[in-house]
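Shared between the two complexes below is chain A, which pairs with chain B and chain C, respectively.
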Partner chain A sequence: MSAVGAKHPYIESLLRGYEMPRSGISWLNERRAQALERANALTVPTTRDEEWRFTDITPLTRVQFQPAAGAPRPAMADLSRFIVPEAAARLVFVDGAFAPALSVTAGLPQGVVVSPLAAALDAHAWEIEPHLARHAEYEREVFIALNTAHLRDGAFVRIARNRSHPAPVQIIHVSTRKEAAAYPRCLVIAEAGAECTLIEDYAGLGDAVYFNDAVTEIVAGEGACVRHVRLQRESGGAFHIATCAASLARNARYVSHTITLGARLSRFNLNVVQQGEGAEIEMDGLALISGRQLADTHSLMDHARPSGRCQQAHRCIVGGAAHAVFNGKIVVRPGAQLTDSAQQSRNLLLSDRARVDTKPQLEIFADDVKCAHGATVGQLDPEQVFYLRSRGLSTERARSLLTYAFAAELIDRIPVPSLVERLEETVLAQTQGNERA
Partner chain B sequence: MSSVLENLVNQPYRHGFVTDIESDTAPKGLSEDTIRLISSKKNEPEWLLEFRLKAYRHWLTMAEPAWPNVKYPKIDFQEIIYYSAPRPKKLASMDEVDPELLKTFEKLGVPMNERAKLAGVAVDVIFDSVSVATTYKQKLAEVGILFCSISEAVREHPELVRKHIGSVVPPGDNYYAALNSAVFTDGSFCYIPKGVKCPMELSTYFRINTQESGQFERTLIVAEEGATVSYLEGCTAPKFDSNQLHAAVVELVALDNAEIKYSTVQNWYAGDENGVGGIYNFVTKRGLCKGVNSKISWTQVETGSAITWKYPSCVLLGDNSIGEFYSVALTNHHQQADTGTKMVHIGKNTRSRIISKGISAGQSNNSYRGLVKIGPRAENARNFSQCDSMLVGSKCGANTFPYIQVQNNGATVEHEATTSRIGEEQLFYFASRGIGAEEAVSMIINGFCRDVFQQLPMEFAVEATKLLGLKLEGSVG
Partner chain C sequence: MIRADAKVLLEVKGLRARVSGVEILKGIDLKVAAGEVHAIMGRNGSGKSTFAKALAGHPAYEVSGGTARFEGRDVFDMAPEERARAGLFLGFQYPVEIPGVSNSAFLRLAYNTVQAARGREELDPLEFDDYAREKMKLLDMDPAFLDRSVNEGFSGGEKKRNEILQMALLEPRVAILDETDSGLDIDALRVVAHGVNRLATPGNAVVLVTHYQRMLGYIVPDYVHVMEGGRIVKTGGKALAEELEARGYDWVRAAA
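Let's look at the complex of A and B:
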């Protein structure tokens, strides 16, 4: 069994008081031990690392975080504004711990499992074993390694073969405690031909400074379809570093909508691997930030097999002295012929202190492919502003309307109507806030 | 890949011959002594020796960059000959140039006399590291233009060289620039005085001759207020099994309302079809638009070298200044290219334009890496970038790494990239019109590269078109 002896002092501090979660499942113990070993060996990335060039996580390392223990439980009323009425099932985690009183898991149709991971380990071990900590690689990423070493509980969603579960499943991670570190974990398995919608929601209550190090793994079997809405609305002082690894089999479909609104410093890695032929991927990303926020999205679309299709749209709206980072990598492996992959990165700078660093990246090793990317950075089109003014709107109003429209185009595509409505309200409030600022 | 395409790509290297001239060669290896030797051989002033030593000491503290998308065995800097010059002989005119050397140029297809006369080109020939002869110097001198080797400039115009050398690419800028600053042996110097429009295209021809010799040339072009110049550079090297290092530094300075256009056709030996031998081309090229309304334009056709690693850049410091980059990079067999540009917008209303066309064939790897940076004070800056890749065959790779960094909300930055290939259908269409595969490929490629070729001076455009055709022979089918 590995012990804590981290090479890097900050990782050492995160692991202080660490006790390996005990379970009778040997493969899980083994994976945790390996992850701990990697966490010990790896260091905290700096801006000298290409992958972290624009995201300086020094502010994170200035705070000492400890795993939350005996956290106060928020009442249902505190959560009401996060709850999506369409959802058929809901798992709520408070400061990393499962909150059964706030969750709904009953009354699901046959073949649909929505359960805390710890409770599912016995009954579903044979399904979980091939996938848990097998897609999010803890070998090289220290934050994945830390999460995996702490793996105790999490959300588990499984849709059986050819089952369609149209009502969304909502997973809410609420953070309440200051200087608490949590390691949220999620595993979603959609078997061949299955269909589901997942809403993953990171929300902060109050304005505490806390740290979420999250890992989500999504497995879509042959012909399966997973719709994934990811909301990051952490508190304004929070740190959020997360990875989502999706693995797609032949003809699978993965549609993701990533909305980034909160956290002082956030980093989200979305790694999609097309393991089978003909998979279809749509990735939408929207970051709406202001103040001194930093939001970094790194996506990787790995076309490992032929005939994949991918459409990616990433938009950032940056106000105040905020800083948005986007790195979108598309890899077409040798032999992945007939790939059709397109990426758009569009960025709107609302103030003269706002900053954007965007890097679309293509790596192509097959010749019969269609790949394109485009990136724009700019301000609102003066002609459009002029047009609205000619209709009697004030300049400020015209600007906020256009900013709103820029975001709404992506929000409208989210397959959950109540969420669309609420997000659009949020955006409107924020753009009008900018209007006044 | 059909056999027609295959034959197309596998054209042997035409410039692969060694010229047997007695040369004055320094022993292998790099140390402060080597640098002192180079400096003394060239009778350099003390400040330049200091400049070299400072760069060398800085270089010792630096690490070789690992970020480029290229793979090569570690370079042993002690195995390189840092100085190799043809035996010194005073040359009064072209007729006195070593006939062997002239033959070399003939083989290269650059008969200096004729070409110079016909095309009105003044050629400054760099053979290994020493400038052999400069033609048309007289005519240029009449309008006050200085065009000579950098060693000569150090002797004749030390104040100008001292003022500008290292001002755009500081000696410690990067690993290879530091190395070059320490050991550079020759290169071109060009100074266009205030208000002068250079009456002809200036041209340099580089050639690496000695096995295991590194070529470290240094070019410095200064255009004073309102001056205009167009500069061409062509490069070749003979065939050797071992790899040769070429680490050049080019600095351009454009003052108020000045304009510099710099064109390169690079055809260094690329290694054989198994990737043995070839030039490592690790070059730092940078232009500084120092004055208002100045303009620097880079055009490059990169077809040679085993490895190309270069990013001709523009620092747009002056308000309203313009930077341009037009590039065609072709790789075949086992060649690797990691090339692109940097446009750094500092002044107001600065504009830049990037057009890059990458063609990969065989098992080669071609990367575009570019940076567009808009500083916080670059109000109204504008950039447009387009980088297209074409793949010929299924074993090659094409990558793009465009970095876009914007810190001013008044800026507009646009970037587009596409990837395509020469498809069976296109070839079939040509065939149905009675056009064979080779010609069809050549036409498609030329169409693909048109935006860049249009920027080249006429004779170079013709040469570049032919060069691409030759390089690709045998890769389509």
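Let's look at the complex of A and C:
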């Protein structure tokens, strides 16, 4: 199928040479066809769209991206710095394609499936069909539509009912090719009472300009618990636009840690829908950017049912002439009584050219709820700086230590010790670098 | 201990200081020699804490007149960190919480920075841990405080112990302890005072800034100075503190 008729030349360029992935699975073919239709119909967002007010994607539309194919495969040694030793299973994708030689899926306990999506489609179709492309709304969002139209493989994680899989599952998307566009996809299903930890890692090798358009769907059944660590450490020239849609059943628990370090321009939408009563959500977000980076996080906490609890903490550390954007939307639907939702946005500006736009957005349609939000934008606390100086630390050292601490507070909550350690080293190196800059 | 031949460590003359443009200190004179313990007393608002913070170099306190020399060096010519490295220590009345920085990392960084400035050996994390635990015994502190964030969630008494722990680690020549007794219950007061006594040597000096006499029951001062309206209005021996406790500050004002 060709993509003739796309509204925007940019979308047209992304769909050039597009061939509908062939599969014998009719429901999947249908969803891809619908997504393609939407990709052709939807417009590319501009800063005139409220949802994209601060994020100008013009630089992205200036690069002619090709679908990634036939890329050179990195060796295991290139990946070693990304690998989390605690992980029991690992799926590695290189420029969007599954790399079996770099992945580990053997020896998992019964009830735990970690597999490339394409390979799972036959055996697990009945589990996948109700969820794949059912939570991330390709009907409304052009980048989700593009991803879904290109959907042929991805990561699939399923934890069976009442199974606990404490060791993390790591999914690494490595990008190596210049001007390649890839469409990473992930589906995680934690059945009722199941527990798992997912580490999603987007990493760039080298400094290539490439584009990742990623979609992740997470489904947590009744009483299930999903811990989700998301690392975005793309190369400095990369574009990264992604959506994670999480759907939570009754009393489910979703704990997310989103760390944004890389990419020239990144946009992450985290959409969490509380479909059942009493779900519990924790959302931590940290963006640490400098130079001319732009990092935009849009979160949506949709309390569609009563008695949900959500704690959200978003922090940005912005150096150089970088620009951070945070839009935190909380919706409390009619009837979602006894919702308790709190959002905090704290931002540190390390230079006078750094910029942050932060906006809470509360839409509350129930009366017996508790919703709190707060936002601060500022420099380091002078009392803390003085305290450290009074103990002999130079101003620069005091400032970098406090900047580090601001990030470390959120990093410390990541449930994977080796990641905590490595991320804190990264942050320390970067904060000290910022101080010198 | 007053010794006629003791070296003068800190000498303040005619010190004036302002906060937000308002003059708080209106000419302070103070001479502190090695081996001495001084107490600066006075009612709230008399300028005691301003004096302590101005000497430590808090940026909100603007020195508008007078001089201060610390071991011969001009204090106001030194950045706060230089004063700390040279051995001038301020124990904070309200120690600042620093979430995200472990107490052990902070203490080690401070210790090693000061050691390096003094041309002495730095310690690696394991060595420092042993060293810090040893010092913590002096203050009856649980080693678990090393793993917590700096002062975060500490009770008032725990924060004050942590201040004295820093004094123990950084080995200042002059320690100015700003209201270290406030917020301490009687047991904690005894422990903290005992720790300060153990740290006092013939080579260093302690300046206690306090509102009440009760700490002076444990740390016996050689000199007691009474501040009033940004000046030292009376100086005496330890008996002066007892007299203040019995008769109140109005009596000094009337006598001054």
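The rule we apply is simple: the second predicted complex is superposed on the first by the 433 of 437 C-alpha atoms of A that agree within 3 Å, B and C clash if a C-alpha of one lies under 4 Å from a C-alpha of the other, contacts with A are read in each partner's own complex, and residues count from 1 in each chain.
Following the convention adopted for this analysis, a residue touches a chain if its C-beta (ideal position, glycine included) is under 8 Å from a C-beta of that chain, and two chains touch if they have at least 3 such contacts.
These figures come from a predicted structure and were not determined experimentally.
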item	value
Touched partner set for A:382, first chain B, second chain C, both or neither	second
First, second, both or neither for A:368, with chain B first and chain C second	first
Contacts of A:394 with chain B and chain C, given as first, second, both or neither	second
Chain B versus chain C as contact partner of A:347, first or second or both or neither	first
Chain B versus chain C as contact partner of A:334, first or second or both or neither	first
Which superposed partner A:405 touches (first chain B, second chain C, both, neither)	second
Which partner, chain B or chain C, touches more chain A residues	B
Which superposed partner A:289 touches (first chain B, second chain C, both, neither)	neither
Touching partner for A:358 - first (chain B), second (chain C), both, neither	first
Chain C-contacting residues of chain A that also contact chain B	none
Of all residues in chain A, those that touch chain C in their complex	381-384, 386-395, 397, 401-402, 404-409, 412
Contact set on chain B toward chain A in their complex	67, 374, 376, 389, 391-421, 423
Residues on chain C engaged by chain A in the complex (per definition of touch)	56-60, 79-81, 83-85, 89-90, 92, 95-96, 98-101, 106, 109-110, 113-114, 117, 149, 166, 170
Residue ranges of chain A touching chain B (in the complex, touch as defined)	50, 54, 334-335, 337, 347, 349-379
